[in-house]
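We just call them A, B, C, D, E and F in the order they show up, numbering each chain from 1.
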Amino acid sequence: MDILVVNPNTTASMTEKIGEAARGAASAGTRIIAINPKDGPPSVEGYFDEVFAIPGMIGEIQKHPAASACVIACFDDTGLDAARCVGEMPVVGIGEAAFHMASLIAGRFSVVTTLSRSVPAIEHNLVRYGLASRCARVRASDVPVLELEVLGSNARHRISEEIECAIRDDRAEAIVLGCAGMADLAAALSREHGLPVLDGVACAVKLCESLVGLGLSTSKRGGYQVPLEKSFAGIFAPFSPSGRAS
Amino acid sequence: MDILVVNPNTTASMTEKIGEAARGAASAGTRIIAINPKDGPPSVEGYFDEVFAIPGMIGEIQKHPAASACVIACFDDTGLDAARCVGEMPVVGIGEAAFHMASLIAGRFSVVTTLSRSVPAIEHNLVRYGLASRCARVRASDVPVLELEVLGSNARHRISEEIECAIRDDRAEAIVLGCAGMADLAAALSREHGLPVLDGVACAVKLCESLVGLGLSTSKRGGYQVPLEKSFAGIFAPFSPSGRAS
Amino acid sequence: MDILVVNPNTTASMTEKIGEAARGAASAGTRIIAINPKDGPPSVEGYFDEVFAIPGMIGEIQKHPAASACVIACFDDTGLDAARCVGEMPVVGIGEAAFHMASLIAGRFSVVTTLSRSVPAIEHNLVRYGLASRCARVRASDVPVLELEVLGSNARHRISEEIECAIRDDRAEAIVLGCAGMADLAAALSREHGLPVLDGVACAVKLCESLVGLGLSTSKRGGYQVPLEKSFAGIFAPFSPSGRAS
Amino acid sequence: MDILVVNPNTTASMTEKIGEAARGAASAGTRIIAINPKDGPPSVEGYFDEVFAIPGMIGEIQKHPAASACVIACFDDTGLDAARCVGEMPVVGIGEAAFHMASLIAGRFSVVTTLSRSVPAIEHNLVRYGLASRCARVRASDVPVLELEVLGSNARHRISEEIECAIRDDRAEAIVLGCAGMADLAAALSREHGLPVLDGVACAVKLCESLVGLGLSTSKRGGYQVPLEKSFAGIFAPFSPSGRAS
Amino acid sequence: MDILVVNPNTTASMTEKIGEAARGAASAGTRIIAINPKDGPPSVEGYFDEVFAIPGMIGEIQKHPAASACVIACFDDTGLDAARCVGEMPVVGIGEAAFHMASLIAGRFSVVTTLSRSVPAIEHNLVRYGLASRCARVRASDVPVLELEVLGSNARHRISEEIECAIRDDRAEAIVLGCAGMADLAAALSREHGLPVLDGVACAVKLCESLVGLGLSTSKRGGYQVPLEKSFAGIFAPFSPSGRAS
Amino acid sequence: MDILVVNPNTTASMTEKIGEAARGAASAGTRIIAINPKDGPPSVEGYFDEVFAIPGMIGEIQKHPAASACVIACFDDTGLDAARCVGEMPVVGIGEAAFHMASLIAGRFSVVTTLSRSVPAIEHNLVRYGLASRCARVRASDVPVLELEVLGSNARHRISEEIECAIRDDRAEAIVLGCAGMADLAAALSREHGLPVLDGVACAVKLCESLVGLGLSTSKRGGYQVPLEKSFAGIFAPFSPSGRAS
């Protein structure tokens, strides 16, 4: 099966790293197609950036109608609801993926993300998904997204410190890493701290494989109905609900 | 004071009607500037359309840095969080405005909106705002947004029927009309059914006037911090966090 | 329009200060009628005092049937439900007013009130209104209500200290001052701490003006129905549901 | 032990009936002192009446400092918080008593009360107590409180009909009767409908006996602290926090 | 009346101590029958032990069909739901008993239990019962169950320290002791710390007496229906829903 | 990898059917080991039966320490917490598995289970897992568990009728089948009703494969710590926390 892994930001090096993480998690028969939009911000840090990342991301998804499933590789599950309206293939956000998986192996977990400005969006998602009661706390490590790409930065150390606090102060039984760019750190941090540390990219790939394997697709009742056909104006004229771009 | 009223869809006739409703609610010293983006869908019906309405809407808001406050005139409060990151002026969504006002005059209210596909987004907002416990039910009238613009349509009748059901079955003490395009119906429906019927556009204008009058602006701690400056790519290159479009 | 601002305690100097705050927030065409009952406690500090403040307060409200709206100027929204049963004019408590307004400009807020004995009543209101999820914490400054009236007291310093804690420990994005007697401190504390500080009296005046401007009145379905006519006995014989005091 | 059973309304015949119900539930060594205030409304039907029932009720409680415990015999637990501030004896409302007892013998229960105007107050109590999740629904039988005192009225039939609905539509496993005046109906309705039917008066007497037997008294930390001494004005001058009425 | 007090573990000395505590709380006419199963673990510390304690406990309960009520004397209310399916007599867990009683005398309480591994089960119960909002925190004292039986151990000191923390950090107004083996400490700890300290065994005995006195029995609608008759296999062949052991 | 699929009841024909369903869902490299205890009830219908199913089930799990993961194949996730204490392998209940998977493809789902007596246990699980807000309603089809094994029974028809009701009355966007014995019906019912219908057995197998593939194991902090070693008495002497049965 083909799983589309969409990095909603435009930083190709990060797409590559995410693709690697996804391939590391994928089963033998799964092909990972890691892409990013050419339109939008180089990193998604907070509500403002999200807005300009999603249209391009949706456009990319529409270009792959034959994919079996789709992973949204941004921890605030940017544009997840809209992506589920595109066709019937299952779409899984890396945030929700990690929350659901953590709920299966731990009574409560804490999230360690990048910047404090991203915390409220993650908290809102937890409330919406119903899993806020399973999350002890969402913690900011004050590491900007793209610093995770910089060799020799202090990023890994800061994240490790927050995990320490989560174990001591939140009674966390598992840790969810709150950024796609942290995917490569999970295994080592798990060994270091002696508790499960989850990376959302890997979790989402596995959940997509599972949904496809079960023959399950997105429900077309309720909020994820196929969008009504209409013509968009201006810069969005090439886009459309049916994806038949001019 | 100048209040920006942004209709996130591109239908100018609807912007005009919303502007009228806003002016009808505004105080003497308030100037209503009703605008809509030139980029995006002609109506916002569900998660998919939202995505293509918000960037243009944010761009329009950035063009009016001197406005005192801003109303987002779409009932699912499209792009509200991102709009709050732009500058410090208060930004109020017409959905939240109506929910807060209804909570001051009734123990519980029901919402009557347009299509069933829009119900989940409204329910999610209620949960996030904390006011889900005040809302008895979100009801779809199965009236598409633009049919509200058509003279002689069955729209008003369908909405009235749902209000009847809300009073009888939900024990609703007030009704919130769930679409900016219903703004002109509130007063008559209130008289007809003998309970408060709230239109979000008017409510939002009043809340904006109130916030400005109180000297209150959006908090710049937490999720509404000023966006980090970064260059956007592709069709969004002219946009930027600071609004200094190239 | 005439807005009745009722201080439920009998301390006239506090009524005057509250009246000043209300006038400072009111629009040009609004007349503030600041009153207090002659029956009851000199300050409302906890559940016990409330009981003896409300009957006199209701009696005062009944004396002003032509008022356009009414503000209950005690932060635990003393007697709010009963006041809404009197006639149809909108009635707004200063506690709920501040909670709703804070929700429009901040993701989460903390409350700084007077004594620890008042904290549970405020917490209960937040739960009832549905806004508990928006409030990070209700903090007591251990400043008695009437000490706020004393020049040179330590009150302002103690409140400022609690705001400091709320920012650091609660991740508060805005502060709600939890006593009508703190109305004059909001602006300076906001400048000092660099985040919105809300005073409920001003917020409630603005919400009353808004409701009146929108033509909205209290729903007479559900709990706020006009009270059934009945004769009260003993000291309450002069009072009655219809307000036709003997 | 002496248990004070306070009917907050002034209708002596109802006090007598409540006293009978209390005595029927009391253990051998328990003396029931059934009283009502001389000041206030003849029945408590909604938020407005409550206000004028509570001061007299508190005054009556203060006259019995040697009582071991106190029952508030009105189903909306009128003035419960204030009563708990008077001295240290346990105070139990008949509403909360029935909710707690029903939670011990059934997964979920429904309430059948008198008038629709009383429903919101009961619902708010359930939310505050934390037991709303155990209550399937609060139902109004449209029987006014004092009609329960009228021989040959339709009251019992209406209540029985609502119980039928609660079993069928709410999946209720037990029924709580929502008015002190229904105390004499519980046993027969339980036999008739084949499920537990709880009367709050009897439940509250038993919980008072239990608390006294366990040597437990109201906590004096938090909201139930002894009221600060202060002089009340006007008609309340004879009242005071310490109960040393002039 | 006969109240069955079942200690679900097999440690007879603990059963004796629990029986003493129960007798200390019981009224004159109540006979306490303290028992424990002969099959199962010597102490119940966490989810695993529970499983092997419940079948023997159910078997013991079935041997006493003439008992008026039953107390489950383990703080995580081990097997409570199943025990309620056996016959119609009321069954009360010591955990829920203490939570309900504490809710009547305090706005919020904290629990002090034995080991950290037992905390999640208690938290889950609080959520299910609906009383989680009344509990500030569940604290582990790190005292193993059977160490409470050892004279001269450090157990009492550790528990007292946690109570100190609960008062200071949780704003607890009452303390619930979270283990049947702590029953003898409640009175002294209450005096020492100046707030109510509740022991679940005594609370449960009183609630059983109350339910029996009120003629209330477990509802046989919903989850507590009489089990369907079926033959069990293997080591459970002697057990059966109807208790007619072979 | 080897996945243990434990049917907690003793009916071998049902174990076989569940094993088939599991194998149908398993990936190429996965071996399904379908087992059932020899001790306990032939079907698990409600709280009582659970108690006598779990010990045998735990004993069976302990016999397979080399398994990679374990599925509890009873829809009320019987003994899930205890099973997670045995070793470190992931353990997934079929109820939770279906709830989590349904949350990824639908905004809200309804459950259709067997008997009304099983509904409360499922509702409690949903509350504990945090996913109650995603479930519109748990419906009983009044089909006993073992009737699902009878050819020509009315079972499938009754289940289909309830699905019809769930779509119409609950606004369900997906259906979760609430019994391991319904595993073979999911695909056909999905086609018939035009929305996703989920079987928990298949979902749980996929989630186990995912967890194992991700190298994730049950957290040994909190409630799932390895049980303290102790000797069990009576019929449970052969069992022990470490599984070293005598």
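By definition in this document, a residue touches a chain if its C-beta (ideal position, glycine included) is under 8 Å from a C-beta of that chain, and two chains touch if they have at least 3 such contacts.
Note that the coordinates shown come from a computational prediction; the quantities given were computed from them, not determined experimentally.
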Repeated interface matching A-B, over half of the contact pairs identical, chosen among D-E, A-F or E-F: E-F
Interface sides of subunit E and subunit F: same vs different residues, half threshold: same
Geometric centre distance via CA averages, subunit E-subunit A, whole Å: 44
Whole-Å gap separating subunit B and subunit C, where each centre is the average of the chain's CA atoms: 28
Two or more partner chains touched - positions in subunit E: 107-108, 116, 119-120, 127, 133, 171, 222-224
Touching residues on subunit C, where the partner in the complex is subunit D: 10, 37-43, 45-52, 54-56, 58, 79, 81-82, 84-86, 116-121, 124, 127-128, 144, 222-225, 227-228, 230-236, 239, 241
Residues of subunit E defined as touching subunit D within the complex: 25, 27-28, 90, 92, 96, 100-101, 103-108, 129-134, 167, 171-174, 187, 195-196, 198, 202-203, 206-207, 209-211, 213-224
